[in-house]
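Each structure below is given as structure tokens.
Both complexes shown next keep chain A, but they swap its partner, so chain B is in the first and chain C is in the second.
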Partner chain A sequence: MLVPCLVVFALFIVWPLGKSVSLSLHGSDLFGRPDAFVGLQHYRDMLGSAEFRHILWVTFAFVLLTVIPGVLGGLVIVLLLEQHIKGIRIFRTAFALPFAFSVASASVIFATIYNPAIGLANGLLGRFGVDRIGWLTDPSWALISVSITTVWMSIGYNVLVLSAGIGAIPAEINEAATLDGAGGWRASRHITIPLLGPQLFFLIVISTIQSLQGFGQIKILTPEGGPEQSTKTLVYSIYHTAFANNASDFGAASAQAIVLLVILLVCTAVQFGVLERRVHYK
Partner chain B sequence: MRSVRQRRTAIGASLLAVLALVAAGCGSSNNDSGDSGSGGQDVPGADALDKASGVTKITFWHGMKGANGEAVDKMVKAFNAAHTGKIEVTAVYQGDYDETITKYKTSVQQGNTPSVVQIYDIGSRFMIDSKQTVPVQSFADKDGYALDSIEPNIANYYSIDGKLNSMPFNTSMPLLYINKEAFVKAGLDPNKPPTNLDEIMADAKKLTVKQGGKTVQYGFNAAIYGWFIEQLIAQSGSTYCDNDNGRKDLATKVNFADEQGVKVATWYQQMVKQGLMPNTGKKTDDAQAVFKSGTSAMHLESTGSLRGYLDAAKGKFTVLTAPFPHLTASDSGGPIIGGASLWIDGPGHSDAEKRASWEFVKFASSPEQQAAWHTGTGYFPINSKALDLPEDKAWVAQYPQFTTAITQLHNTKPTNASSGCILGVMPQARKASEDGLEKAVLGTDPTQAMKAAADSIKPQIDQYNKTVKK
Partner chain C sequence: MRRLTAGRLITYVVLILAALAVIFPVYYVIAGSIMSPGQISSYPPDLFPHGIFTGNYKGASSSGTPIGQQYLNSILQTSIITVSQLITSVLAAYAFAFMKMWGRSVLFGLFLATLMVPWESIVLPNYLTITGWELGGQRLTATYAGTMIALVLPFLANAFGVFLLRQSFLQFPTELRDAATIDGCGHWRFLRRILLPLNKPALTAVGLYVFLSAWNQFFWPLLIGDSASRRTLQIGISQLNDVEAADPGLILAGVTLSIVPTLAIVIFGQRFIVRGLTAGAIR
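Then we have the complex of A and B:
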């Protein structure tokens, strides 16, 4: 029974991984074919370069700027949607809607909103007398703008997952709480949020992985790593080294991919080690 | 509580998912490149196709979408109709220029290259070094086919030592676009457009309109686009890279940190600093949107944008065109005429296929097809005889703005500077120059910014040259 599973595992995971490791130890010719064996040269070049440290920093900042607002924002929206007011279904649908957008179309729409001269964002700010902001052209804003787009795109999914979680909380628990005099925020804090633990944990792990792998919106909104490389994350850098502008340094790109793999493994392991202990499973 | 085993499975599954996602992103490559036999780059005689039995099928990869893609399909259809039972071309759109060259590289690795491929101008050096193609000149020499109706300025880009490597196909030039009403309102004569950067700055000051401290109309705007740097340097009569723009020998360094490149960066910096131009970044779409909305009075873009601008401006303002500006008043150079060209693949293709490819390439560059191409897309016809055809004349009469491009092309004397730099890592060099220009726009000293950018590309040039010379 185990054999077909192992074959698939070996074919689609072990073999490509082994190939990546092997590529990362070789130089690349004009077409990206591996040529001379260079040992750990790519890793040495990468870890010794200031640019790579900058890339890691951007990657880390991007994760923080997308995971925390994305999950917290989703939670706040879901708690608000619990209110029993008329037309709440419309809001539920509206908030879950971004989930249905493709990365490309969302990015293109945001690009027009962010246009410094004629975009909607600066137009609105201008009415309040705020100066024009270079959303995607100012190095101190570019990563924030890309993160806003990313959060907007991920929040719909977060809302869906958390709504399902809330729906699964037994009604009698809430009734008991109401009888005991806990309503509104206290009920949310002591009943709803703890019981959403498994969903929140799931979202944090998944969002972190997605964020570390985020690519489409970064490439479309800020080509070439953005102003002064301010949005050059690790995944973008892998693409840039391997494919962009007729580059074909698959060796160095593979070395970066291996580093990304290690980072993802460590992050996920830490999340399971630290966070999962606090999660209350029914 | 969940059991320990369940938890382990969950952890294991998550870790596997991570592994799989990362591994999937890394791709893999095959080691064998197919045969690159000694005869791969040789030219077969015309009889190879005559003797071939049945239909010779060839594939054509291109990077044209939208209206341009439709024009390609129309051309291929016309070719197939004219060669029924003998040759059949299948055109495949492979994404933009960058994606096309990336896919082409993969096809070389896998040993199944297309018969004909359209590659952007700055990929030319790479195509030569790939040793996968048969020079167009070799076919022409073998057949005694005259190439003299190809516009000399265009042929110049794709020639090394007077030998044409690939057939020019679609060509565009940069122009200065003008919003006529904005000029009239500011009391400027739209028929006397600025001719160099200093004049643009002077006019931009008059054309920038502020209301209540907010700019409602910018005097000028352009993307942070490396192509413009290349063009302005060529306009000044200087070369972009050493060894005569890489035509005498492999280029070993770029010159955009010299006086001319620094002048461009200083000018961009000043334009933005003085509020005469918005910084819309490197994306040309964003800069185009500003001009199309009527928010900018002057604008740099390719001739290829003319049709789109005329449509967007309809009923709002009048679009005029002027020659691309010179760097300084004393410049005597001209713009580089690039675009993309068609390359015929040799290794891995039969002699009949190579001949069929040549037939297709000749067809694509014929006056009739180039006139159809020109009127259908707005690209410049690479065949000078196309401009004499009645349908082309009618088109130019309808869009007189295009005459600027024709005059600009014919006024340019072919020199090493105006033929453009041919460099293996030219796409990366262009991006590096954009990084430098952007740094300057954001406030770094222009000399330092351009020097850092030029230095950053040096290792890649060295690496490329080392790989090629091996």
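Then we have the complex of A and C:
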């Protein structure tokens, strides 16, 4: 009964993983097929190049710009929803809506909004007398614009997860707090947020993983990795090195793919080591 | 009746502003799709459509990117992946939950470990392998059927579904299971007649989750599929964005068409999704 899963995992996960390592130690011909063994040359080239350090920096900045606003925004919304407000179901559904949007559909909508000439973002700002912003063409804005899109996409999921977490907090705890005179924000700070620890931790880990893997929004919004490569993250670079402009450098791209795997594993391990100890499980 | 204090007023104002900011792109995609080309690119911008302009939908379905065909491709691709993952996950979850075998927990750990491997780290070898295959003397991806096979093959099984269904199966009372076995109820009969009907909520959650993630795939479908008519809808709308850049209403009409199934799932299937998606978050 395990055979179907085992076959798929072996063929399309385990074997390719080994193959990725092997590709990263070889050069590639014009069609991307491996040729001569070059050892660690790709890794040496990569770690020695200023471009690769730039790529790592963009990747890191992208993670910070998406994970922190996404998780904090979700938390604030969920805490506000908990203040016994009217129409809570309508609000919940409204905040969950972005979850229905694929990375492609969300990116295309934001591309339309960011359009420098006829886009809504500049049009609305213009009404308040603000100058046009090159949302996707200005190197200091492009990564921020892509991050805004990403945060918008993730907020629905974050609200769903945190709402479920709040729903699981026993009613007696809140009643006891009210009796002791802790209402509103004091209850949120000292009771709700600590009890949401597991969900917040889960969201931080998942969002970091997703941001490190973000690709569609970067490819669609900034097709060439942004002005002055300002949105060229590691995953975008893997794609670019292997496929763009018939580069077909599968060797170098595979070395980057292995670096991505290592970064992801290290990040997750660090988050489990540092954050999880501070999480309170019931 | 609660008094409307200053604090509560602020709560409402912040919530409404946040909700508007979140909903705005959703509103804009639908409103923009029924605006005439003149209105949508007017300056200062006009946020409310004057009547319903259907030209964008006609344009989207007759433009260079065959949206209708791509819609079918996506439905086919997503259905195959969903049905297949449900079957493979049920089988594996059953084995992990009910069958005693040597090395079971180690194997389960290895299954979960596959979830840690990012797709982008293994996409290149998979691409080289699958596009290198031949069927009847030509490349696999040279035919429509071959392209579909290439699209779904790596995703016919996933450890997340196995994990979720195993959790659900483990809650089945062992006494009942033993009683069924004593009455001569074999594995297959027990699975089909008793276990699956009792685990419908978990199966629905896994099914919806798999459907959403397959429907939304981007990286792999971008690499597979030589011609526009063999591409999935997600790639289609992103190309619509490149090709029709001067006509935002038409692009938004394409996007609106593409989000109908997932929007329906999120609005009507929310409680099932929450179960599926948050299962990993609650220990």
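Rule of thumb we're sticking to: the second predicted complex is superposed on the first by the 268 of 282 C-alpha atoms of A that agree within 3 Å, B and C clash if a C-alpha of one lies under 4 Å from a C-alpha of the other, contacts with A are read in each partner's own complex, and residues count from 1 in each chain.
Everything that follows uses one rule, which is that contacts are C-beta pairs under 8 Å (C-beta built on N, C-alpha and C of every residue); 3 or more make two chains touch, one makes a residue touch a chain.
Values in this document were obtained by computation on a predicted structure and should not be read as measured data.
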| item | value |
| --- | --- |
| Overlay on chain A: chain C relative to chain B, clash or fit | clash |
| Touching partner for A:Ala247 - first (chain B), second (chain C), both, neither | first |
| Touched partner set for A:Leu275, first chain B, second chain C, both or neither | neither |
| Which of chain B and chain C A:Leu125 touches, first, second, both or neither | neither |
| Partner chain(s) touched by A:Ile193 [first = chain B, second = chain C, both, neither] | neither |
| Chain touching more of chain A, residue-wise (chain B, chain C) | C |
| Chain B versus chain C as contact partner of A:Glu224, first or second or both or neither | first |
| Contacts of A:Leu23 with chain B and chain C, given as first, second, both or neither | both |
| Touched partner set for A:Leu264, first chain B, second chain C, both or neither | both |
| First, second, both or neither for A:Ile238, with chain B first and chain C second | both |
| Contacts of A:Ile204 with chain B and chain C, given as first, second, both or neither | neither |
| Colliding stretch - chain C into chain B, listed as 5-13, 167-175 or 221-229 | 221-229 |
| Set of chain A residues, in rising order, touched by both chain B and chain C | 9, 12-13, 16-17, 19-20, 23, 32-33, 111-112, 115, 118, 126, 209, 213, 223, 235, 238, 242-243, 250, 253-254, 257, 260-261, 264-265, 268, 281 |
| Complex contact set, residues of chain A against chain C | 1-2, 4-5, 7-9, 12-17, 19-20, 23, 32-33, 73, 76-77, 80-81, 83-85, 91, 93-113, 115, 118, 120, 123-124, 126-127, 152, 155-157, 160-161, 163-165, 168, 184, 198-199, 202-203, 206, 209, 212-213, 215-216, 219-220, 223, 235, 238-239, 242-243, 250, 253-254, 257-258, 260-261, 264-265, 268, 281 |
| Residue ranges of chain A touching chain B (in the complex, touch as defined) | 9, 12-13, 16-17, 19-20, 23, 29-35, 111-112, 115-118, 126, 132, 134, 136-139, 205, 209, 213, 222-224, 227-229, 235, 238, 242-248, 250, 253-254, 257, 260-261, 264-265, 268-269, 272, 276, 281 |
| Chain B residues within the chain A interface of the complex | 1-2, 7, 11, 14-29, 31, 33, 98, 101-102, 105, 108-109, 122-123, 126, 129-130, 214, 218, 221, 278-283, 285-286, 289-290, 293, 295-296, 425-428, 430-431, 434-435, 438-439, 442, 460, 464, 467-468 |
| Contacting residues of chain C [partner chain A, same complex] | 2, 7-8, 11-12, 14-15, 18-19, 22-23, 25-26, 28-29, 32, 40-41, 43-45, 87-89, 91-92, 94-96, 99, 107, 111, 114, 116-129, 153-154, 156-157, 159, 162, 215-216, 218-219, 222-223, 234-235, 237-238, 240-242, 245, 248, 251-252, 254-255, 258-259, 262-263, 265-267, 270, 273-274, 277-278, 280-283 |
